[in-house]
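Common to both upcoming complexes is chain A, partnered first by chain B, then by chain C.
Take a look at the complex of A and B:
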């Protein structure tokens, strides 16, 4: 991972998400918005996964070991993603939304491109402890040198990596808060942000890592309630949520697709629009033909 | 992973699992709601099994001593080959053997071995018999033929001269077919759901009644017991079978068998180690498993692949750990989503995703 991310994409292509943002981002302070670059990578991941799905189970594939399968991401990633220009990345908007929401709630934070890095979670998931430790040490040292005291994370995988794994694998000693926690905390102090009741309810797809690994389950529900949405629990929700299939898209796009199909069937049965809060889930569902909204879209409309 | 890929095109597997899950999931919830003591039992059982894991040799010796005092011949097989040899020498050749569904016998490929020695061997659990006749592997530990339709089963059973018109008719005819085997059988073989070192009792649960017949009618009975099934006392063994059946979804089970002695009929016990005792700390956690199979049905990957994914014998998320203990680490550990649902539903609170991640680390180092 010389590029610092599993797709081998030049980092600046992912950190320019704030271009065109009307608000100004601070760069002096000790609370950092740490995007972990995962949202920004989704269009690239989708493109590579679609390509690899076509190759899967061909003779070509059978010669690859499992690790080879994952590292194809780097080989094909950079190649296939060359023509996704930063200003054409639709996932930049989701990160922008989050920045605007935080700012609207008067939550102080800074953003510095050089400090925002991929967490290395795929290395951990692959069982490559040493490379994960090396990567995590590099990322955490950058933060410590910059005297960052607190990071705000915006997706479940990066949150899990920084909050749970980094202290275990490195000397990382920085407070990690997830944006949903901090948004709820700040909404609690205010009146119902925009109490106009929305006619349609929403269904929540709980990302596995939020629900079962980090216990971030009630926060999105309470936020949605605050901004006037009723939520309807779908079959297999909260701690019993079903996986979207995304975690194995680098190993087997075909299986990942089949798993997504099963979850999509459960979500569709609610007849309400589905919201979630994980770029991996959103990306995988979209690849499999199911459009799902990111919670930040609703929060932005609800409070700004 | 070639075989795993074929499962995508076998829709009957996912349909069978979905139906089984729909049928059992609410029953598990209901069991927990109605009998809250089950959660306490599971916790107590976990603590007892940890103690056994940490002192395997002591508990193996205690179990052997109890059985020997009761006059029952006992063997300790260090691996599958030795277990097959011991049982082969007892049964020899030209015998009729009735078997109950047993994962530990799948683990040592016993049926095939006894057939090679020239014995007539019959599975007596309906689903397992269908799997035997079809020449397949069980698709789930408890519901081995969940992937086969009524039409498939009608066709498969024709191979042994059973011509049924529907599921009910087939079941009746299989009963008649097996009745003759039970009566003529020289040997009955079972696994063991829980073993009490205190009394030397073998605890077995079932819903069909075939275990009762297989373990009582034949002149000689052999029980194969994975050393992970040893528990200190009858109390824990009872709790274990309750937890196992409740978390699978069938509680209480139709029959509970407790077998001690069979005078004047003969009985043998074969304890099987096969990698269990030497498991390292991480893998020992897998040995706390009571094999209710709930993690399998709830796993998003298993819901597509059935037991084809997850190793040689056990399949699914728990199969990864069991295969590593009893056979080898499979490349298929990489197909797990690590989504954590297996841990969420495990009554024994086994951190299965952590075991799978550990196996990935070991696989990379190989």
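Take a look at the complex of A and C:
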């Protein structure tokens, strides 16, 4: 991983999300907004997965036989994602939303491009402990050298990596908070801003890593309630949530699609707009033709 | 963690199958795409040094979503075991035919 991310995309393409942001981002302080670059990578992931999905189980797949399935993914990543320009990346807006929400709640944080890195979670998932340790050590040393005391993470996979895995695999000793936890904490002090009731309710799709690994289940529900949304639980929700299929999109996009189809049917049964808080889930559902909203869109509308 | 941890965990499985109905990958309707089958695959590979391409594919298509652990009466860390076993496979610690690994390498 010379580029530091699984698709071999140049890092500067992913860290420029803050271009065009109306607020100023601080660069001096000890609380860092650590995006983990996962949101920004979604359009690239979708493009590679769509391409490999077309090839899977066709005669052309044999020509790719020299590559294993996982490495095939990384090999095509850089090639296929070259023409997505940073200013055309729709997922930059979601990270921008989060930055605006945090700052409007008067939460102090800094952002420094050189400290914001991919967490290496795919290496861990695929069972490459040595490479994961190497990558995690590099990332955590950068943070420690910059005297960061606290990081704010914005997606479940990066939060899990930094909060649970980094202390286990490296000497990482920095407080990790998820943005949903910190938003809820700060919303409590706020008066119920813009608390006019929204007519439509929403359905929450709980990402597996929030629900079962990190127990971030009530926080998004409480936030939505505070900003005036009713939520409707579907058949498999909260701790019993069902996976979107995203984690295996690099191994078998077709299989991943089959799993997503089942979950989409469950979510559609509520007849309400689905909201989630994981870039992998959003990307995978979108690839499978189901549009889903990120919770940051709703929070932004609710409080700013 | 190591293969010792993996073997200790999978040996606790009584194959009750309570874990299966929540597994999203069991849509493929073959046992090695479900948690119980994955445990069987690991046991078979460790004890009899046998695996097939399909059974290994079953291990690599585990989403590690952890839905099965909630159902398991023995609280077996199935997703952790699968991930740890992938690590052992990559390190070459499991004595099985290399050919079955070519798709996932």
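Criterion: the second predicted complex is superposed on the first by the 294 of 304 C-alpha atoms of A that agree within 3 Å, B and C clash if a C-alpha of one lies under 4 Å from a C-alpha of the other, contacts with A are read in each partner's own complex, and residues count from 1 in each chain.
In the analysis below, a contact is a pair of C-beta atoms (placed from the backbone, for glycine too) under 8 Å apart; a residue touches a chain by one contact, two chains touch by 3 or more.
These numbers come from a predicted model, not from an experiment.
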item	value
Side-by-side fit of chain B and chain C on chain A, or clash	clash
Touching partner for A:254 - first (chain B), second (chain C), both, neither	first
Touching partner for A:234 - first (chain B), second (chain C), both, neither	neither
First (chain B), second (chain C), both or neither touched by A:48	neither
Partner chain(s) touched by A:126 [first = chain B, second = chain C, both, neither]	both
Touched partner set for A:299, first chain B, second chain C, both or neither	neither
Chain A positions touched by chain B in one structure and by chain C in the second	69, 124-129, 208, 212-213, 239-243, 245, 247-248, 251-252, 255, 258-259, 262-263
Residues of chain A that touch chain B when the two form their complex	57, 62, 65-67, 69, 124-129, 208-209, 212-213, 239-243, 245-248, 251-252, 254-255, 258-259, 262-263
Residues of chain C that touch chain A when the two form their complex	22, 24-25, 27-28, 60-67, 69-70, 83-90, 102-105
Chain A contact footprint on chain B (complex, rising order)	2, 5, 8, 14, 300-301, 303-304, 331, 334-341, 343-345, 357-364
Touching residues on chain A, where the partner in the complex is chain C	68-71, 124-129, 208, 212-213, 236, 239-243, 245, 247-248, 251-252, 255, 258-259, 262-263
